[in-house]
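Following are the structures in question.
The same chain A turns up in both complexes below, where it pairs with chain B and then with chain C.
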Partner chain A sequence: MRSLKFFIVILIIFNFNLVHAKTKNLDEKITKNLRCLICQGQSVHDSDSEFAISLKTLVKKKLNEGDSEEEIYNYLKDKYGEWILYDPGFSKNTYFLWLLPLLMFLIGGAIILKLFIYKKN
Partner chain B sequence: MASLIGYYSLIIGFGISFLIIFFSIKNLSKSKLDNKIIFSVFFQFFFVSLSFLGLVQSFISSDFSNETVFNHSHTTVPTFYKISGAWGNHEGSLLLWLLVLTLFIFLFLLRSNDQPKKYRILTLLFQQIIIVGFFVFLIKTSSPFNYIFPIPKEGLGLNPILQDPALAIHPPILYLGYVGSSIIFSSALAAIVTNYISSSWAKHIKKWILTSWIFLTLGILLGSIWAYYELGWGGFWFWDPVENVSLMPWLALITLLHCTLVLEKKQILTSWVVILSIATFTLSMCGTFLVRSGILNSVHTFANDPERGLYILIFLFILVFLSIFIFLFFYKSEKTTINSFFWLSKETSILVNNWFMMYFLSVVLIGTTYPIFLEVLSSEQISVGPPFYNKLIIPFLVPFLLAMAIGPKLKWIKSELENKLNLILFLIISLLLSTFIIRNLDISFLINTILVTSAFYLFLITLKDFFSKKFNNLSQNFAHFSFSLLILSILFNNFLSTEIITNLKINETYENDSLKINFKSIEQRDEQNFKAIIGKFVIEHNGGQTDIMQPELRIYNQPNIITSEADIKTTLYKDKFMTMNSVQNQEYFNIRYQVKPFMIWIWLSTFLISLSGLIGFFKKRYEN
Partner chain C sequence: MKTKIFPILLIIIISVIFVIFYKGLQNSNVYEPQIGNQKNIPVFVAKAFETEEIFKSEDIFEGDKFYLMNIWSSWCAPCRDEHKFLLNLSNQKNLKIVGLNYKDKKKNAINFLDELSNPYDFIFSDTDGTIAIEWGAYGVPESFLVYENKIIKKIIGPIDQNSLLEIKELIQ
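Moving on, here comes the complex of A and B:
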């Protein structure tokens, strides 16, 4: 039993150095996170509309000029508004968006826990 | 003519509603269910069917004096799509809603002979409230039988992306699930009023939950397959609001299903079952509201106007207030609840299931509605897309999958974990297996390994149980097994998909280190209501193997829209997927070539999940 636990710990440590993803296709990652503004519910990457094609070229160009992912998002956000980003980010507009589901999870857990605490009394 | 029959049938059906309500109230104090009631419910269903057939017939005969037909059909559309066009629009799809509502209450009355009479009558009454609401909605704001004069010679045509076999049957199947949940809503309210929330009610309602859930699963599957090959981007789920709207009742239904298993055994969690039953249909209604009001930006928003949205919203509020009122005034809480939980028991594992399901549901609900509220309150527009859902759902999948493997092994009331060593051994095997695979695929990172491990764990444990448990709980094990298969296919599909996007002219060749794409030729073909431009591509793989892909562009005549049809070569291991798109004022075409591993397994495992529901439906009794 003990050796099994030890074994699991080793395996987990063995995997832990891999926490960070390689950014193989950064431009793909970025365009997948952009809404194609003239399409209905498609990302720039998935769309072949002219808007999407021009934006794909723009992202590639910016990356070649050495802009970071963050800089490109900010640039596009200023130009088209936050609507264009599929990842809403954590800002004053989105506190509730991110925290409410997690809060629901905690509340759910608390309710279940309560069922057992009552039992003891 | 057909339109006229349709219209009058609709009115008659509406009239019968009042007859049913009158008979039912008169029958409440009697001891036996009056046959008149069953007959009138049948006639209501009959007339709504007739009305629906009237609409279909108007579509088949291209009767453009009917406004709906004029707006959504054309003489050159193939007959099959003329028929499916009947529900491929707002008015027709609402008539389908109504048809399913009346069908389900009729079936309910036929199949509930062994239930208390008062409960049956009240279920019918509550269902009639919903039915009346939809009659009024249909007749007042969205009649499918409006007459236009002078009669146009030609219709405006059916949206080409709806002209597809999977999408033709997607709405009826989806609606059977979506609207089927109305019966759960009505019967839960009736059960509260008659104080009938008990294990026999749970047994009886479980069949209806399963029915809705099976159809909803199949409906979502069809929509997903359609999106995969028709929208041209090779994905199957985009967390689009309209997809989410169908996922929410699905999640609520599966939570409810698990919960009724507990109620079947013991008189606990009754209030929770009731709340879930009400929530399920409310979520379906919310979905209808969001889709039909035009608030959402999606392929499903047909022509819409604010009046319709407002009506559904008001109706939705009435239903919610009605159910809250009934819950507060009639609901009697169970007496001996609390002492019956032990931390390691099947009840607890089902509570854990409910906990996670409710979390997933709240992620989807909040993610879908938050942007709407934000826009109303601060007029700022944000998008909530796949990254949001991935971040909030994927980490929680790990404990969820593990619990799915272990939970069913526990016994009711109080349990010991048997074969602990076995469980740990399987965990190690899955961990080794996934570490090995992930390393070799060069996609290493921690979350992948953990996810694949937990999915493999569920996969192996359920696989083992097929052999060791002598099939005494087949549907459950089958469902969990299929779910692990689904997660594994999605994960590996995600890891291993590759994509090439390039621009090619005829006779040009794209080349990289593993393959060559040669654009051979292009040919034109005239079809009934579109012109097809078919490209011919030869793909030479380094191994010497070649494929010929023929993606297609379709130029529809009415409305004048170009769609792109993917060419997909499916094998057990992977799909090869190619689309071609024209670029304005350019000689070249935009080519997208994707290799998508295990695509067919995603469809297959989802199909197996609904099949497991079917097995559960025909099984006599849940195991002890």
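Moving on, here comes the complex of A and C:
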């Protein structure tokens, strides 16, 4: 019985850690997916420019207010446009980007098929 | 038959890829802020610079007046350059200049205003830079001309002679 209580306490403590780790990872995940607009080539997470620091604070603030990841992306997209996201949504401007790997795979597959299988026949 | 389909397919696919990449060449890959589309001004709550009282944005921005929202900081060199244009604009009767003091030390900001004189009718302070993000700004200095709670013009970087004339024309 005592060991059971002990076990439960340990379990609760670990779960608290888990909750904390999750939110920490989420704001990292979001800021890594945001392009720093004044220091291009870097994500907001990696940058230490004034703009990026403010944006990191804002993301944390929004998460604390209970906004979801999607809501934060939409909010920033509204302010700065799609360009701020490293991982753009599926739209008419990006469909090719998303379908390109699939297309490459199909072409590659076709070439392999031709070279190795049809040749034998 | 098999041997003919394959080259044709390959040529079609390559030309499709070529066209799409060629079109993509014309797209700019440098961030260009969207200027010109009229957006509503954000609703925010911020401290006043002098009194540190908390103000709502709707207390300051009234519908039928022109406002110039200027983001500035004492550590920003281009802000110094644009200051004389702000002083010039502060003489306009139908324009109110609202400042947003961006990530600044209060003491330095006060010195800055004492040295160059104060063109602002009201100043908000933005110690962590989040209000500037609400406005969609990405640095200092940046100015927004506001009318009827809409941003009718956005000036990125310091105000110069040309943008001064443009603002004067817009508020006529």
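Here is the rule we use: the second predicted complex is superposed on the first by the 93 of 121 C-alpha atoms of A that agree within 3 Å, B and C clash if a C-alpha of one lies under 4 Å from a C-alpha of the other, contacts with A are read in each partner's own complex, and residues count from 1 in each chain.
In this text, contacts are C-beta pairs under 8 Å (C-beta built on N, C-alpha and C of every residue); 3 or more make two chains touch, one makes a residue touch a chain.
Fair warning: this is a prediction, and the values are worked out from it, not measured in the lab.
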Exercise for review: Determine, under the contact definition given at the top, whether A:T57 touches first (chain B), second (chain C), both, or neither.
Suggested key: second
Practice item. Could you look at A:N33 and tell me whether it touches chain B, chain C, both or neither (first, second, both, neither)? Key: first
Practice item. Based on the superposed arrangement, let me know which partner A:F116 touches: chain B (first), chain C (second), both, or neither? Key: first
Practice item. Determine, under the contact definition given at the top, whether A:Y86 touches first (chain B), second (chain C), both, or neither. Key: first
Review point. Does chain B (first) or chain C (second) touch A:G108, or do both, or does neither?
Key: first
Exercise for review: State whether A:D48 touches chain B only (first), chain C only (second), both chains, or neither.
Suggested key: first
**Study point:** Dominant toucher of chain A (residue count), chain B or chain C
**Key:** B
Review point. Which of the two partners, first being chain B and second being chain C, lies in contact with A:F96: first, second, both, or neither?
Key: both
**Study point:** Residues on chain A lying within both footprints (that of chain B and that of chain C)
**Key:** 35, 40, 50, 53, 81, 83, 96, 118
Review point. Which bits of chain C are touching chain A when the two form their complex?
Key: 2, 6, 9-10, 13, 17, 20, 30-31, 33-34, 102-103, 128-130, 132-136, 138-140
**Study point:** Parts of chain B lying in touch with chain A, wherever the complex brings them together
**Key:** 231-235, 238, 240-242, 297-299, 338-339, 341-343, 348, 351-352, 354-355, 358-359, 362-363, 366-367, 370, 374, 378, 380-388, 392, 396, 421, 424, 427-428, 431-432, 435, 444-446, 449-450, 499, 564, 579, 581, 583-584, 590, 592
Revision key, fill the gap. Chain A residues touching chain B in their complex are 1, 4, 7-8, 11, 14-16, 18-22, 28, 32-33, 35, 40-43, 45-48, 50, 53, 81-88, 93-94, 96-98, 100-102, 104-105, 108-109, 112, 115-116, 118-119
Point to revise | Complex contact set, residues of chain A against chain C | key: 35, 37-38, 40, 50-51, 53-55, 57-58, 61, 79-81, 83, 96, 103, 107, 110, 114, 118
